[in-house]
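Note that chain A is present in both complexes that follow, paired respectively with chain B and with chain C.
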Partner chain A sequence: MRQLLLLALALAGVPVVRAQEPRLEGRLDPATRASVATLLDSARAAGLPTEPIVDKVLEGMTKRASPDRIVAAVRTLATDLGAARATLGPTASDDDVIAGASALRAGASGEMLARIKGVRGKAGLSVPLAVLSDLVARGVPVDTAASVIVHLAQGGASDADYTGLERGVARDIGAGAPPGAAAAIRARIVTTDGRGALTGAPASVPGKGPNASPKTPARP
Partner chain B sequence: MHDEQDQLISQVADELRAPVALDPAFDARVMAAVRRAAPGRWRLALRWWTEPRPLRVSPLVGLACAAALAGVVVIGTRAVQPRSAPGTVPVPAAALVASTDAGEVVQFVLVAPQAATVALVGDFNDWDPGRTPLRVTAGGGVWSVNLPLRPGPHQYAFVVDGKEWRPDPAAPRAVTDDFGAPNSVIIVGGKST
Partner chain C sequence: MPRRIRFAVLALNLVLPARAAAQTVGSIDAGATRIGYTDLPGITAYSISPALQLFRPNASFLANGVYSYFNGGGWTLQGTAAGSIFVPRGSRVQAELGGTLSGSVDNDGNKSAELLAQPRLHWGGASRGMWIGGGLGRGYDGTTWQTVGLAEAAGWARLKELTAVVSTSPNWVGSDLRYLDTQATARLVHGQLELGAYGGFRHWFSPDAPTTKWGGASVAYWLKNRLAIVVAGGSYPADLAQGFPDAKYLSLTVRVATRRPPTPTGVEAQEYRLLQPLARPVVPDFRVTTTKAPNRLVRLWAPGATSVEIMGDFTDWQPVPLEKKGRNEWRAVIPIPNGTHRMNLRVNQGEWGVPPGIPVLDDDFGGVVGVLVVE
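Coming up: the complex of A and B.
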């Protein structure tokens, strides 16, 4: 609770204790540096990973974004990180929180993240949540993408299975399959034909092949 | 009375039976008028195209014409579809080439024949264009670099000639675009659980 309060203070622009980030030294104007330093301190105090915040500042500087735009982007990221931490809990790794923030930004709900975490147990969430964001970016509806991730988790899928699924779906979409159907069929193949099929031949077109399935996978 | 009427009728009949004397130039005048009224070759051609007329075509010929028209439309549509940015050819840019304990060695490729320099920037090198330059290979135009990356998602982009930002044409875009220059995403797989 105290951590979230500190983060809220930082997002509101209230100065807290400021620490130095060597990679940003001498590269920002004083006002921007002060804002970023405040956000970094507050994120640290709230138990959030600070590396993606520094990374976002560096990206903005390299892309020659205005200071206001950099600060706005960092504030949004800190908010997403805070929401992901609140959903995944204090024991979640930094990588999981970062991937969770990205998934939230992609449109996933906190309930979806909690469901995936519940099914995955102690296994890391970084790769499954990254694949969730990737599927959404490729045009898979977020509900379908979340169901697919949960479906694989229930089958004990490994990180390699998730990346294999992502490559298979990308190949199917490239071959003309509808994104939602491609993701659903690939996920079904995992549990029906074994994991070897994950990166194998393109999934059959819905309603035409032996693995024909509905457009959305059955919810657990 | 009767005789007078018969005589009158005979006179009228004689007048009508008499041959009509025509002006010798009459034929010439008529032909000249006909020639003036006749439309020229271009006018006839225009009339052929513009005047409605019934057209009789068998169903088979009609279907063949429709198919040919559809083919022309499809080919024309494909010809005007947008292509990749100049100098950029979509190829599988980020591909796993080796696995190590620390992660995977990923090969990044960009086809940019017009470029003088290409650099890779991302969350793995602090977005510093000076740290990961690509080398041109295969006779020019194909730029590549191999880079070890730790497992997990990574955002990246190419910087062409030090100023032009290009996302990977073969990879999905990041869901966030905070600075008006989109990034691409690669997910480096971890070991099996």
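Coming up: the complex of A and C.
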């Protein structure tokens, strides 16, 4: 039916041209390419970032996933991106939306995202949301991770503070600390001892660690 | 491999307080075993054995069945299921409530069964730990039901790829049988190779009974992540609760699995949420350092590897080979922008996996993907 419609449009001179993604050219069978192209078009129309979608397709192709599985994964990702956009609003940057989708995928709720957004105000959300996803991936319960992120935001934490928190929690977990406890303790240190402790530096050395820098969100 | 010994090896994952992340592993073994009983001619059994292992952050479940057909005619069907719940989550001290149900039937209508409840108290960290516990239940050896009981104390340690467990356990079966079993078990996972070894002795609490000893080893070579060849041999003690005699054995098995079973990673992983995948690190060491931004030097240690590749969103998911430097080190300089990236590694053209030390996610394609932060 869809082919007939396309044919009719073509015969009527109506241009039916989908935006092409050169990295996908020649690497997908026609049916999968059409499904992915439709999803990409829909994402663009909804103001969603398409790079993560292309990325997911490339990943699936290299891993020799079946076309059905690739399309399903991309559809899920597009849904998460749409949900993140709906929660974070039309003015949210692509990075914020991508980070939001990652956080939703990690188990965060829309309410959690909205709360973090409300506390952060006009500050970017990509770093705190990326750190939220990272903490959950490291085993921190999502409720604890969200509380820590909100707690830091309420204290005016910078992006560097969040990345410092992430490093500290990773180090503590590597040393054998339970993930939830590591996150809670690191967050407590931030609010009591300042940034020096947060980045793992001795408490007598104030300021951020040498590697503290903003980060981009993980692609979901 | 005889059912009880194989189940004991599987149970390494259950007993250690390292359920780690949620994972389900199913497998089917098919093979032949040569079994020698004392004072009896040897027999050959052809077996098919499905097994299911479920791991959750605070629970484990193992189920195993074996159908064996003997070359002289006759068959046996055996099965075991064991489950445990651990509380509280994420603590270095945990209580385990576990239980085991097993039984068998053969072509002559002989039956056996054992039901055992086993509470334990665990203490441990990521690399070592111990537990004490006990068990109480009933055993049926084909003629009578008897009360069976045991107490146990054990310690375990993990050093890189090696996990070892030493346990000692006084047992009683019915009103007459009293003995102390002491056993050591070790498991080494090195690349595609899994080595297992065990040995123990039984000391009887009666002056005239001789101490009995047993031991054995197994080698599993994973041709792919879902296909392995397993060779095992050794001896095992009598199971007095169900009336199985002691024996020696040598087996050759082909194992088809949904994926390789997880390697225990320690109690720190117990708080991983249910959907969190667990991946065996594909290399033991992995480092990324900045050379001249955005170029990064990727270095890893992969003993025995003939090829190592990396890919991620920073390569548009195109595999990039690493170059071998020295005996076991592999390197590549790759442009990786600052930020958080998804990535995979693979060794010897195997399954795409994740290096140690970075978060692991489901990749939506039935595998895993790592999250690499570059600053």
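Everything below uses one rule, namely that the second predicted complex is superposed on the first by the 183 of 220 C-alpha atoms of A that agree within 3 Å, B and C clash if a C-alpha of one lies under 4 Å from a C-alpha of the other, contacts with A are read in each partner's own complex, and residues count from 1 in each chain.
Please note the rule applied: a contact is a pair of C-beta atoms (placed from the backbone, for glycine too) under 8 Å apart; a residue touches a chain by one contact, two chains touch by 3 or more.
None of the values given here were measured: they were computed from a predicted structure.
When both complexes are overlaid on chain A, chain B and chain C end up clashing with each other. Contacts of A:D55 after superposition: both chain B and chain C are touched.
In the superposed model, A:A65 lies in contact with both chain B and chain C. Legend: residue contacts after superposition of the two complexes on their common chain; A:R23 is shown touching both chain B and chain C. Of the two partner chains, chain B and chain C are each touched by A:E166.
In the superposed model, A:A123 lies in contact with chain B only, and not with chain C. Legend: residue contacts after superposition of the two complexes on their common chain; A:S158 is shown touching chain B, with no touch to chain C.
Residue contacts after overlaying the shared chain place A:D134 against chain B and chain C alike. The intersection of chain A residues touching chain B with those touching chain C, taken from the two complexes, comprises 23, 55-56, 58-63, 65, 69-70, 72-73, 76, 107, 130, 133-134, 136-138, 163, 166, 170.
Residues of chain A that touch chain C in their complex: 23, 55-56, 58-63, 65, 69-70, 72-73, 76-77, 107, 130, 133-134, 136-142, 163, 166, 170, 173-174, 176-181, 211-219.
Touching chain B in their complex are the following residues of chain A: 23, 52, 55-56, 58-63, 65, 69-70, 72-73, 76, 95, 99, 102, 105-107, 123-124, 126-127, 130-131, 133-134, 136-138, 156, 158-164, 166, 170. Those residues of chain B that touch chain A in the complex are listed here as 121, 123, 126-129, 151-153, 155, 165, 172-176, 178-181, 183, 185, 187-193. By the touch rule above, chain C contacts chain A in their complex via residues 90-92, 125-127, 266-273, 275-276, 311, 313, 316-319, 337-342, 344, 352, 357, 359-361, 363-367, 369, 371, 373, 375.
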